[in-house]
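Each in structure tokens, the structures are laid out below.
Both of the next two complexes hold subunit A, though its partner changes from subunit B to subunit C.
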Partner chain A sequence: MLTFIVRRSLWTVLVMFVITVLVFIIFFKTPGVDPARAIAGRNSSPQILAEIRAQFGLNRPLPIQYGLMMKRLFVSRDLVSYSNQGQLVVPEIFAAAPATLSLVIGAAIIWVVVSIAMGVAAAVLRGSLLDPLLMIIALIGVSTPVFWLGQMANLVSQGGLHNTVLFSWVPPLGYTPLTANPLRWFEGLVLPWITLSILYIGFYARVLRASLLEVQNEDYVRTARAKGLTERRVLMRHTLRNSMITFVSLFGLDFGALVGGGAILTEVVFGIHGVGFLTYQALTNLDLPTIMATVVYGAFFIVLANALVDVGYAWLDPRVRPT
Partner chain B sequence: MSDALLEVRDLRVSFRTDDGLVRAVDGVSLRVEEGETLGIVGESGSGKSVTMMSVMRLITDPNAQFSGEILYKGRDLMKLNQSQIRSIRGSGIGMIFQDPMTSLNPVYKIGWQIAEQIRAHEQVSSAQARDRAVELLAAVGIPQPARRIDDYPHQFSGGMRQRVMIAMAISCNPDVLIADEPTTALDVTIQAQILKLIRKLKEDFGTAVVLITHDMGVVADMADRIAVMYAGKIIEQGTGRDLFYDPQHPYTWGLLGSIARLDRPRPRRLAAIPGLPPSLLRLPEGCAFSERCAHRFDLCSTQPELAARLGTAHLDACHLSPERKKELRVTTIHPELIAEAP
Partner chain C sequence: MAALGLFLLIVILSLLAPLYAHDVAHVNPFTPNVNGTTIIHGKRVPVIQQGGGTLRLGETPIGPTWDLHHYFLGADNLGRDVAALLLYGGRASLQIGIASAVICSVVATLVALIAGFFGGLVDTLLSRLMDIIWAFPVYLLAISISTELLTHTSGFSVGPLRISPTSLWTPTIIIAFIYVPYVYRPARGQVLSVRNKDFVDAAIAQGAGNFRLIFSDILPNVISTVIVLLPLMIATTILTESALSFLSIGVQPPNASWGTIISDGQQLLYTRPWVSLAPGIMIVLTVLALNVLGDGVRDALDPRAKLRVEK
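Up next, the complex of A and B:
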């Protein structure tokens, strides 16, 4: 198992390297685009362009350009955003990360708990009316756009109904750090959590139900029954346990993508200044250094999540464990 | 006669489908005495597995309908609630299945899976259950059981997995072991080992065995009594000697005639029963085998009862007179085979 983890980590490093190379080539070597001009942003003076060319070594060989860029991203972390008053990009991302993590972890807890409950209930109650009902609810969840749902949540909780008992506790839009005021942190995130999790609840509930129904027909579930186990134990220890293999691998990928900036719509709608929000701003300003840094940051989390999924997969399924 | 360990009375199992009612089991009665081996023979879809799955109440299909009685030690299993039937599953009646490759849960160690069953029925510590699992693995002939107990199913071969399944099925000392085609998925040399193991366990523990198979060769040296099923019904039932040396039903003749024998001159072609079994959706009025039977006559359009037509415990469901059967069966089975009957 240990060698597997080590080997998987080495792979992760290699994949990260390839991603940074690709990102670098896209941003620096797209034909017809002057990287200095792209980095400098709109309306830049010739002095700034010259300064950037020197700083990024744009007239030196490609590997050196790549090395300089990576040094700025990972070692000296002094990549500067020109369109954003010389803001240091890397610390900015690190400052934004806690908001994103708070949002995504909370939403993930909600969606895992609720989707398991819904998926199991639908599978167990198959044949009754509740099964199609739950699946229709799930389908509505899957097909509701996050930005619409978020705006509706805001409209209701911040607008006309804000002064009623139901929504008077909802603080104004924005993010309060956990360390500053835990209660405020929680109150401010309740609606974003729900908004973000609804799509995933719907999706995961449907996937889990389908997987449970499939596993229920496996021979080993019949064996479990023939052993004289309770239905509850057959469900939890044998059926659900095997369905979790699918569930966990999906979860890892979605979670990684969200931490990596995929919660952009929720963050923008609720004014949470996380990594997604930062990416959104950078995109509207064509702020190349920030975009590049967020892309690498996002890729890092997705690759990390992938690696964790593989380790988790091996933990859940002994058949893929190396012996 | 009510002292049978397990007795099935007029069991009927049907499944509602879009095309109509499928009568998978159509009035089957069986009895298994303590310590004996009953072989149930029949081709795919003849209802042999459904019968024994119904005994364990393992058919969860909501479209299934059941009637009849299943008496185990005098209790009707059909009338038991979930928790009562659970206490019999795995404890009073153990079951092993056709495909050992898929019958064990791939994510748990085999020792854990055996211990799980022991602990479901007995108040023992996990260490005790584990020790029992090691003993059981040794009893079914798994080398280095103390080490193999922590292996996962995928680390075993098919034959070894079937041994694990058998260890699990006998872990709570059941009175009856139901083996549903235990060797079908295994290659021939392994088949022989597994059958030998089942016979040995039966002798050591006095367990009654119900052996479901489509292989006459398997029941020949295993079963004390044999029931032949066709289209959801038992069409012939008797001791092994009855069935092999004095077969009464033309379907049984067909089964016996289609065995390739090594101790006989090789036939040019292996005999086969012409045609296919009838659809269980639209069973014929009379004898279900009549469409494929070379000896049918006008009486065959009425349902033959399974009855003692020879005045012994040998039952069959064919309208032909015993004398006619004796004359006719030589056309299907090699005459020498029957002549050799002592």
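Up next, the complex of A and C:
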């Protein structure tokens, strides 16, 4: 187990290194693009361009340029956004993180509970009409673009039906910090939570159903039945438990991806000022330093989450540990 | 079959976009038509109306007339015909989705053939490279590449190829690139298992060269694995394209896709919801059809998956 952790950690560090190199190449070495001009944004004066060239060492050797970029991202954390009046980028990302976490954690709770219920119901009720019905609903969830779903949620809750009993509780779009007003925080996040979770509910319900049906005929399940256990107990203690291994590892990956920037579309439609929204604003201004920082920090978070999932998986299931 | 029919119907409708725009609606969906007029119930009305909406302030484009000849789905902020734009947008979305899924599958298959056939160091290097692209979050990778290319307004060139940032090929290639590892993994697995089959040894004994081994012995047995994935890949690439376009880093004006129309419709959401509603419904129908089709193809062609479903 220890060798596995060591090997996985080394691989994680290597992946992170290569990702930063890739980001460096994409942002500084795209053929035919002047990085100083790109970083300066739309209003670039000659002084700013000269300043950027000096700061990023653009006329120095490649390894030094790369080193300077990493230093500014992680050590001195003084990357400034030229399109946004010299705003420091890295502290801005950390300030936006609570909004993203609030959104993703709430959505994760909903999608885990609902998808387990749907997946188990579909598997147990196999042969009845409910199974295909649930799976069609799940497939529609998987096929719906999340940003459009969010728009439709806004259309219903902020538009014509806003003054009815059904949706009068929905506050205007935006994010209220939990510490400022817990009730408002909750009210403002209910619809974003549901919107974000729909895709995952569909996906996880389908995966869980397939996995439950697959293990249903395994020997150990037959043994459990032969012992005279009730169907409910066989399901809870044996089949579901085994299926949860896949479920949990998928969950780790998706959760990491969402915190690392995958929630961008939901944040944009609902005006939640999290890390994704920050990236979006940077995209509309083509504000490269901010995009670079959100991409690198987001990617690091995701790579780290993947590593934790792999270690957790190996701990739960010794078969996947390399010998 | 119903799914395939629905998908083909959407493809055909999108291909008929120029016909509809020129001969039925008589509009050019790409030029702003702010001062234009149209006919509702026999009366000539401006396309952009003053003082519409709930607040009776500002300008509002006309809503759906449900008349195929005159702004069937209404107009957008620039007075363009949404129905015609929707069909043209569908053409762009489908073209990008299908082209990027195909390019992605071809590239992934070639890399998988090389990695799986030669094995050893080649395999290790290529597989590790794929692992790294896989580990790079899809949207973040697409965002980085797109913004970098968009900052360079005069286009960029890779070798002899020259691509303008407003070309539909820019999002196509980006999307194709980011999904290569998703097809590479199953394809490589298939190459590895085919490579050790007796008939490959037989071909080697007959003196077949590497080229013949790869393309006439191994490739035909790998292709079905990739084709099974294709509908699901197209579903994924269409969703990705719409998301990138919504974030303003996919399809660039003057082109339009379903994603850009939804993005434009954001401002009109409460006054003219059909601008967003229509392209969204088209995306859901297309992707749903492809997903159902993909499940069906997989069950039909992959005996192991079928066994699992029928158990």
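Going forward, the second predicted complex is superposed on the first by the 312 of 323 C-alpha atoms of A that agree within 3 Å, B and C clash if a C-alpha of one lies under 4 Å from a C-alpha of the other, contacts with A are read in each partner's own complex, and residues count from 1 in each chain.
Going forward, a residue touches a chain if its C-beta (ideal position, glycine included) is under 8 Å from a C-beta of that chain, and two chains touch if they have at least 3 such contacts.
Since the model is a prediction, treat every value here as computed from it, not as a measurement.
After superposition on subunit A, the partners subunit B and subunit C are seen to fit next to each other with no clash. Contact with subunit C, but none with subunit B, is seen for A:M152 once the two complexes are overlaid on the shared chain.
When the two complexes are overlaid on their common chain A, residue A:I64 makes contact with neither subunit B nor subunit C. In the overlay built on the shared chain, the residue A:E231 is in contact with subunit B alone; subunit C does not reach it.
With both structures placed on the common chain, the touch criterion links A:L166 to neither subunit B nor subunit C.
Of the two partners subunit B and subunit C, more residues of subunit A are touched by C.
In the superposition on chain A, no contact is made by A:V6 with either subunit B or subunit C.
With both structures placed on the common chain, the touch criterion links A:P318 to subunit B but leaves subunit C unconnected. In the superposed model, A:G127 makes contact with subunit B only, not with subunit C.
In the superposed model, A:R222 lies in contact with subunit B only, and not with subunit C.
With chain A as the common frame, subunit A serves as the apex of an angle whose CA-centre rays point to subunit B and subunit C; its value is 90 degrees, to a multiple of 10. Taken over all C-alpha pairs, subunit B and subunit C come no nearer than 9 Å in the superposed arrangement. Across the two superposed structures, the residue set of subunit A contacted by subunit B and also by subunit C is empty. Note for the complex: subunit A touches subunit C at residues 15, 18-19, 22-23, 26-27, 30-33, 37-38, 139-140, 142-148, 151-152, 154-155, 158-159, 210, 213-214, 216-217, 257, 260-262, 264-265, 268-269, 279-280, 283-284, 286, 288, 291-292, 294-295, 298-299, 302-303, 306.
Listed in rising order, the residues of subunit A touching subunit B in the complex are 127, 218-220, 222-231, 233, 237-238, 241-242, 245, 316-319, 323.
Listing the residues of subunit C that touch subunit A in their complex gives 131-132, 135-137, 139-140, 143-145, 147-152, 156-158, 235, 239, 242-243, 246-249, 259, 262, 265-266, 269-270, 273, 276-277, 279-280, 283-284, 287-288, 291-292, 308-309, 311. Only residues 56, 58, 60, 62, 82-83, 86-91, 94-95, 97, 99, 102-107, 116-117, 120-121, 152, 154-155, 165, 168-169 of subunit B touch subunit A when the two sit together in their complex.
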